[in-house]
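These notes concern the structure reproduced below.
In this document, chain identifiers A, B, C, D, E, F, G and H correspond to the written order of the chains, with residue numbering beginning at 1 in each.
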Amino acid sequence: MNQDKLTQILSRVANGSLSAEDAKNQLKHISFENIDFAQIDHHRSLRKGFPEVIFGQGKTSSQIIGIMGKMIINEDIILVTRLKKEKAQKITSMFQEAEYFKDAKLLWLKKKEPKITGTGKILVISAGTSDIPVAREAFLTAQAMGNKVESIFDVGVAGIHRLFAFQEQIMTAAVIIVVAGMEGALPSVVAGMVKAPVIAVPTSIGYGSSFKGMAALLGMLNSCSSNIAVVNIDNGFGAGYMASSINHVSAP
Amino acid sequence: MNQDKLTQILSRVANGSLSAEDAKNQLKHISFENIDFAQIDHHRSLRKGFPEVIFGQGKTSSQIIGIMGKMIINEDIILVTRLKKEKAQKITSMFQEAEYFKDAKLLWLKKKEPKITGTGKILVISAGTSDIPVAREAFLTAQAMGNKVESIFDVGVAGIHRLFAFQEQIMTAAVIIVVAGMEGALPSVVAGMVKAPVIAVPTSIGYGSSFKGMAALLGMLNSCSSNIAVVNIDNGFGAGYMASSINHVSAP
Amino acid sequence: MNQDKLTQILSRVANGSLSAEDAKNQLKHISFENIDFAQIDHHRSLRKGFPEVIFGQGKTSSQIIGIMGKMIINEDIILVTRLKKEKAQKITSMFQEAEYFKDAKLLWLKKKEPKITGTGKILVISAGTSDIPVAREAFLTAQAMGNKVESIFDVGVAGIHRLFAFQEQIMTAAVIIVVAGMEGALPSVVAGMVKAPVIAVPTSIGYGSSFKGMAALLGMLNSCSSNIAVVNIDNGFGAGYMASSINHVSAP
Amino acid sequence: MNQDKLTQILSRVANGSLSAEDAKNQLKHISFENIDFAQIDHHRSLRKGFPEVIFGQGKTSSQIIGIMGKMIINEDIILVTRLKKEKAQKITSMFQEAEYFKDAKLLWLKKKEPKITGTGKILVISAGTSDIPVAREAFLTAQAMGNKVESIFDVGVAGIHRLFAFQEQIMTAAVIIVVAGMEGALPSVVAGMVKAPVIAVPTSIGYGSSFKGMAALLGMLNSCSSNIAVVNIDNGFGAGYMASSINHVSAP
Amino acid sequence: MNQDKLTQILSRVANGSLSAEDAKNQLKHISFENIDFAQIDHHRSLRKGFPEVIFGQGKTSSQIIGIMGKMIINEDIILVTRLKKEKAQKITSMFQEAEYFKDAKLLWLKKKEPKITGTGKILVISAGTSDIPVAREAFLTAQAMGNKVESIFDVGVAGIHRLFAFQEQIMTAAVIIVVAGMEGALPSVVAGMVKAPVIAVPTSIGYGSSFKGMAALLGMLNSCSSNIAVVNIDNGFGAGYMASSINHVSAP
Amino acid sequence: MNQDKLTQILSRVANGSLSAEDAKNQLKHISFENIDFAQIDHHRSLRKGFPEVIFGQGKTSSQIIGIMGKMIINEDIILVTRLKKEKAQKITSMFQEAEYFKDAKLLWLKKKEPKITGTGKILVISAGTSDIPVAREAFLTAQAMGNKVESIFDVGVAGIHRLFAFQEQIMTAAVIIVVAGMEGALPSVVAGMVKAPVIAVPTSIGYGSSFKGMAALLGMLNSCSSNIAVVNIDNGFGAGYMASSINHVSAP
Amino acid sequence: MNQDKLTQILSRVANGSLSAEDAKNQLKHISFENIDFAQIDHHRSLRKGFPEVIFGQGKTSSQIIGIMGKMIINEDIILVTRLKKEKAQKITSMFQEAEYFKDAKLLWLKKKEPKITGTGKILVISAGTSDIPVAREAFLTAQAMGNKVESIFDVGVAGIHRLFAFQEQIMTAAVIIVVAGMEGALPSVVAGMVKAPVIAVPTSIGYGSSFKGMAALLGMLNSCSSNIAVVNIDNGFGAGYMASSINHVSAP
Amino acid sequence: MNQDKLTQILSRVANGSLSAEDAKNQLKHISFENIDFAQIDHHRSLRKGFPEVIFGQGKTSSQIIGIMGKMIINEDIILVTRLKKEKAQKITSMFQEAEYFKDAKLLWLKKKEPKITGTGKILVISAGTSDIPVAREAFLTAQAMGNKVESIFDVGVAGIHRLFAFQEQIMTAAVIIVVAGMEGALPSVVAGMVKAPVIAVPTSIGYGSSFKGMAALLGMLNSCSSNIAVVNIDNGFGAGYMASSINHVSAP
């Protein structure tokens, strides 16, 4: 249940167009709703400014459809992450207005376009071509949460002049997400260039002693730059969410 | 060299009270200065809004004094982190206006009190009494960088009602830093309560399979809350710096 | 061989309805029985109150059927864990009264319904929807061993009010099993609320630095709550067994 | 604040010997008390049946004395764990009735001897002589919490007949704590002999690839016995607490 | 080239039935033979008492056939380990007297039955049914190398009376191989019972924190028994080879 | 863009056969070219003496074809590494002069044969037959970069006389690449024999506690020989590239 | 209690020079003796051919003296390992015939010189000078257990000709112990030269990624030679014990 | 024994000024010399172009003095690494011409200044002030081995413009050593700028999840630049040695 809807119900009670009893019925699920295999947190929109996001991995498509069916009543947007193509097809055949992004393995269902409420611009930078899927997950998440988002792909440190060519675009971002695998050095370099906060996202791209992203993760945690914080390996969604949260710090 | 000083020099050239030649001399160190064992990054204040911070660990007190002597000419504030008491005493006997915080192992030298330039309030929460030194390092760093900062100590998840008693103070923070050792569960719980961004700081408090903070670090990276990002183990300084960076996203 | 059966044999010898020689033949396999690829521990029911449980993983369906055929002579219930659907089908076509639970990958074969012998109620709580299979394995194991069992699913710490809504149910449990992946924070919070013993079960749910359950495992081992002990990652069976063992501490 | 004290206050209000106003004053700290560096959880006795335990490691002796001074008003017993001898001496010179156990690094302060409220007997077994300090911490904790406790030391698996010689004592325990370093095999063997729940405590005794208790910890988590759960390395306190919790499952 | 063959050639030169020139031709490959993708170590039989063993994993069936074709000229027995069924079928269709053991994934090709040259009896013990394949690899290797070998399967420590029932067979072995997964406790218990050397073989049987045999490996390396040494995880072949090497220490 | 081409353009401008405007057009992509999913680093040939190499893993065949199409305009050779057979087939059907090496999973497209510009001979040694694919990747990379390259396969330390038989070939190499899995001991032995620099390449060949090449990697990093440096596990490409870089240190 | 003593007692009973009652008194401690902090395993000499060895680390000197005082009654030799100099001095002042070896941190107390009962010669080889303390512990242990022992120190693989100079001494050993730190390559090379069994002992000598012996341990476990097995890091004692056990396989 | 000395002896035999018998005596130690605790490898100068280097860690000062006394007879330079100040003082009081470098913990003893024999210039770059000791060890080693060496300190990636200011010095180096702790990103950036080979040296500088240099090591191994290879953590000596080896590839 989002804030608009709550305000609307309360106003209608105030002006008499809705009885207290009916309002109570509409509000009773505000807290959360038990649908056997899940406790849907309807209160999350009010508390956190964005509805609960469905983590697709490890859920069946029918479980996801069940949760979406309950959520869509009160929410303007639903996000499903880490969703394989096969499951996505079952969901889009049920909710035909849902849109699936194959590269990001992300699906959204929107009643209306999210308003841009974030203060500045979020910029998503990826070190390599293979890091693009994670970067796209961050991009779409931040966009869904009401932010202006831009991206620059494939500007890794082995040819660092490519990065500096985008210097102006980088300097004007309010929040920067940097996605990198292998040695994960890019966030340090970017953070050294700007005063904006940098969210570093290690990816599992690499082989051998990259240990599925461990090398990149450790590199980012030990950055010698200080305006930087790190999310889990391949967690593009978390990076987008955190960036949006930062970009709304002074939003009304 | 901070922005005020740069503006002042340029204005004096503009109004004729400073010759171009003299200005050039004053500006020549803007980029960086080579003092043999260090390349002091005088440009950092301009680029990042805060001068280079001296990482005290692994430097001798004479090296630190040498760097401070060069920096103090152009900067309004100097921060030294991870500084043992013995070294601090040598430094404060040289720079008598310097202030040393034993709990946080942090020293600062201020020409004038930093102006509050951050948008909102930064709140530092620690899970246990033993986590306080790291929390204090975060607190003082954020304060030095021009932020209003508050703190709540010892509200770990084993008695979670203590946390909820501070709910209002928590809900009104613009940015929250959560410091925790052992299982590192507190940031998840706090992040679940608010829409503000949360910086999670694992500490090395614990024993056995805490592996000097590894357990807390992994816990925080795998948080089921999404408005959260993580810094290195015991990195109170980085958390304070990142929080300030976030709190200045929409600062003029 | 369970205690009832032993008592019965000995009584019949006592009252003359069974010759000593025949009793000896019936009892000779009490210790264990060598069927080439396995030494079936018939003595376990007497010693531990529950017959040997068949660990399905890494055994062929014919090996399992062979072991079950020997056990069913003397035991009232047989449990097979970590059993894939394909193997289960071969087994249920042989033992048609066997029941297979696909979610928990557990099969049981019961001569009669187990009596409720445990003192109190065992409660199984899971943090997320994806943790349900492990939670179900714990649930069914505890049930098979003669306990009253209840469950609450999907009450993770990111929306902690969902947990508190079940406070009464939680406070009245004799033993609590808490199943969680990712950061594994839920057991600490639950254990902080109650005086009952809590069995924490880390799951392999997560990605990246969850390292297949390692993050959750470490989190639980380092819990700042004290009425808590931990079993192996995804070991729902062990948790159910341990909970039943606890719930029978003062059983006659 | 323990239950007896609460009952007493409420009775006095009921019979008029205490005014509501005075009762309120006495009760106001029930929840928790903020003494700057700590939030003392006075509510814990009511909620968990035992007052908050002070984790001595990483606290100064004055911090510990401060907390003890507040707690002693309402509690019958105070436990301090992981307390070095030097700190203990400062504390016992302040609270002269406090008793310090050097081997277990544990201190207690008792107003009166704890009543035996646990259902059965708790047995603490250690594999080697070097594991005794951890075993003693478990022993004393369980004793402080109102249990009958016994111990057997130095019965490791390299001479397993020593273990079997204590078979009867082992079979009659309600709960068993098994403390072992090195390969940590003893809990599996003990758990295979009994139906009682076994708490396994890995210790950091060993060298080389024992990795400070990691080998023992992993061994215990992967036990082929099922009536077993594990606590953190060297966590004798946690084992004693958990064992007491189990031993009180059916306590009134 | 084995010792018999070498003696025979040299004798024939001595008695004039072979010219020096012809002998030289027959001997020239004694050292090793380069067949492009492999340097076959023909000298190994002389040096080590057993010909080079072909590690099947990562070699194509044609590579294996090529090596076997060269070796069979001079050797009485050829062993191929870690050989999948599909490759084995190609090999046995080429060398029809070759024998493949599916459970052990081992193939041998014998010109004649190996003589029993080892001093005593080698005993292979496995903890669980799932450890049998590794145990079988050890069994067959030791047999191929000229030893009397026996085996006992499924006598894990959770029901330790099963082990003691075989005490006499265990006490009379010259060398013992103990194969175990999960916590890997069995070798410690067995080694504590005997004075014979024990070769411990960890297996990858287990799940979760067994980390594919790591837990068992660490357990065995940290054994509190001393007549024990360890080989790599799942290395049944190495265990059989080492046991044979030990069993031939005083062989003529 | 390679140096020859640049010289040619500039000469033509100098002698008037190319207008400045046309030259500018041809040169404008020297820095790098943005083709949406990649920033092709055309400057790399000039800066590093060899064009950007395409890392095939994690790129689609159309992405690779797209990049190749842009690069082939200015470069004499294109290398694609870690390329699966299926993708390679799509590429060779598009660029028919491209050559694919199945064992090394490497493809190259050459306008003309690379000139031998390296000073001495590069020698690639592999410890086992299974290490050949990695050794071949190193071999072909070094060859593509203008070096004379030789190889010796299957000379592991278990039969060290095989290695010494190649002593002369080893002593005359300018740079040596040693490829080994399992315990990774070969590079230490080779480096002890020569004064030439040795590049050590650990491979993921092995099982159990080889941890996919970790054991070999650690062995090589801790070599007691000193003329040795290490690349990532299975990184034959990097070894060939580094060896070529070394072999060109004094190239004109 | 050793076998000689047992035989003597029984003979005296047989020939009437000792009453059954007196014999019983002398034998009653055969099993084990409980001295509060230790269960001394008097039966070990009979079962394993050598009395219990005292692990000095983590025991106080008075505990060690207590155990020695009980053991010396029945045993001909007592070994104490991992004994620091300070503790050793207290012990030797109590048992003046005890001999302490500072390099090996080992103490022994002998009633009479051990007879050479082992079949062949045990050879201890160390890779570096820094590995000597561990090698010496192995040497002395094997000597104490009745073996002929020789040693060669400092023949690491970086100058492998040093090793080959000792070839004859190496070829004639019945059992070989190879002690090495850093990359731990020496055991593979030695095992490749001989048919005798090789006990590999990793040491913690090294730095950085040697991870206190982990690199050497992994190297040895993954050896491409097969007549090899491994003991714990720095476990010279275990290697000497195992070697003696092997060297007695065919001892009467 | 170095090459000059060998040539001189052989020439004197050739021209009759030295008898064959005397020459033999002088040459007999060429191979190696057994001084009980060490086998001094006199042959190393001939084989590797530089005499054996003494690893100071874990050797007593008398052992070091003993080895130096033997070596100084035939060698022109002796290097001792990882030497603590206390030991160095004992050595310099014995060999007064020896020179000790406290920052690098390195000592050398030179009969004459080493000739510059390396082809080009070796450049040592360090990321931070705290990395200087390791950088100095590399610097001095390379210098001792006959190379022209330069250094640049404190040019880490957080202020990357400092690095670019030294671009010309960097572009003209034949071999580059890059020393960095924390995230270890600097070698990737430097290697991306040049075609020269880069030796990357991780240091243990950092805290928390730097895991004593592990983060830097992994970062360097996973570099996206290719003209790079890595040595052990803090191994400045190895880096200097390898760089010299590379710089002599085409030396006469």
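Simple rule for what comes next: a residue touches a chain if its C-beta (ideal position, glycine included) is under 8 Å from a C-beta of that chain, and two chains touch if they have at least 3 such contacts.
Since this is a predicted model, take the numbers as computed values, not measurements.
J.: Quick one: how many steps at least from chain D to chain H, stepping chain to touching chain?
T.: When the steps are counted carefully, the minimum from chain D to chain H is 2.
J.: Among the remaining chains, which ones contact both chain D and chain G?
T.: Output, common partners of chain D and chain G: E.
J.: Taking contact as defined at the start, I'd like the list of chains shared as neighbours by chain B and chain D.
T.: Correct list: C.
J.: For the homomeric pair chain A and chain H, should the interface be classed as same or different, according to whether the shared residue numbers exceed half of all numbers used?
T.: same
J.: What chain is the most remote from chain A, judged by the mean position of CA atoms in each chain?
T.: Relative to chain A, the chain with the farthest C-alpha centre is G.
J.: Using mean Cα positions as chain centres, tell me which chain lies farthest from chain H.
T.: It is C.
J.: Starting from the mean Cα coordinates of chain F and chain G, work out the distance between those two points in Å.
T.: 50
J.: State, to the nearest whole Å, the distance from the C-alpha centre of chain A to the C-alpha centre of chain B.
T.: Spacing between the chain centres: roughly 27 Å.
J.: Taking the mean of the CA coordinates per chain, how far is chain A from chain E in Å?
T.: Comparing mean C-alpha positions, chain E is 55 Å from chain A.
J.: I'd like to verify one number: the distance from the centre of chain E to the centre of chain F, where each centre is the average of its C-alpha atoms, in whole angstrom.
T.: 39
J.: Note the residues in chain B that touch 2 or more other chains, in rising order.
T.: Each of 128, 158-159, 193, 208-210, 214, 217, 221-222, 226, 232 in chain B touches at least two other chains.
J.: For this structure, enumerate the chain pairs that meet the touch criterion.
T.: Listed by label, chains in contact pair as A-B, A-C, A-F, A-H, B-C, B-D, B-H, C-D, C-E, D-E, D-G, E-F, E-G, F-G, F-H, G-H.
J.: Contact residues on chain A for chain F in the complex?
T.: My answer: residues 128-130, 132, 153-155, 158-159, 161-162, 165, 205, 207-210.
J.: Spell out the residues on chain D that touch chain C in their complex, using ranges where they run on.
T.: Within the complex, chain D contacts chain C at residues 47-50, 53, 119-120, 174-175, 193-197, 199, 217, 221-222, 226-232, 237-239, 241-242, 245-250.
J.: Looking at the complex, which residues from chain D come into contact with chain E?
T.: Residues of chain D touching chain E: 127-128, 156-160, 182-185, 188-189, 191-193, 206, 208-211, 214-216, 218-226.
J.: Which residues of chain E touch chain F once you look at their complex with the stated criterion?
T.: Touch residues, chain E against chain F: 31-32, 36-39, 41, 43-44, 52, 55, 57-59, 63, 82, 202, 204, 212-214, 217, 232-235.
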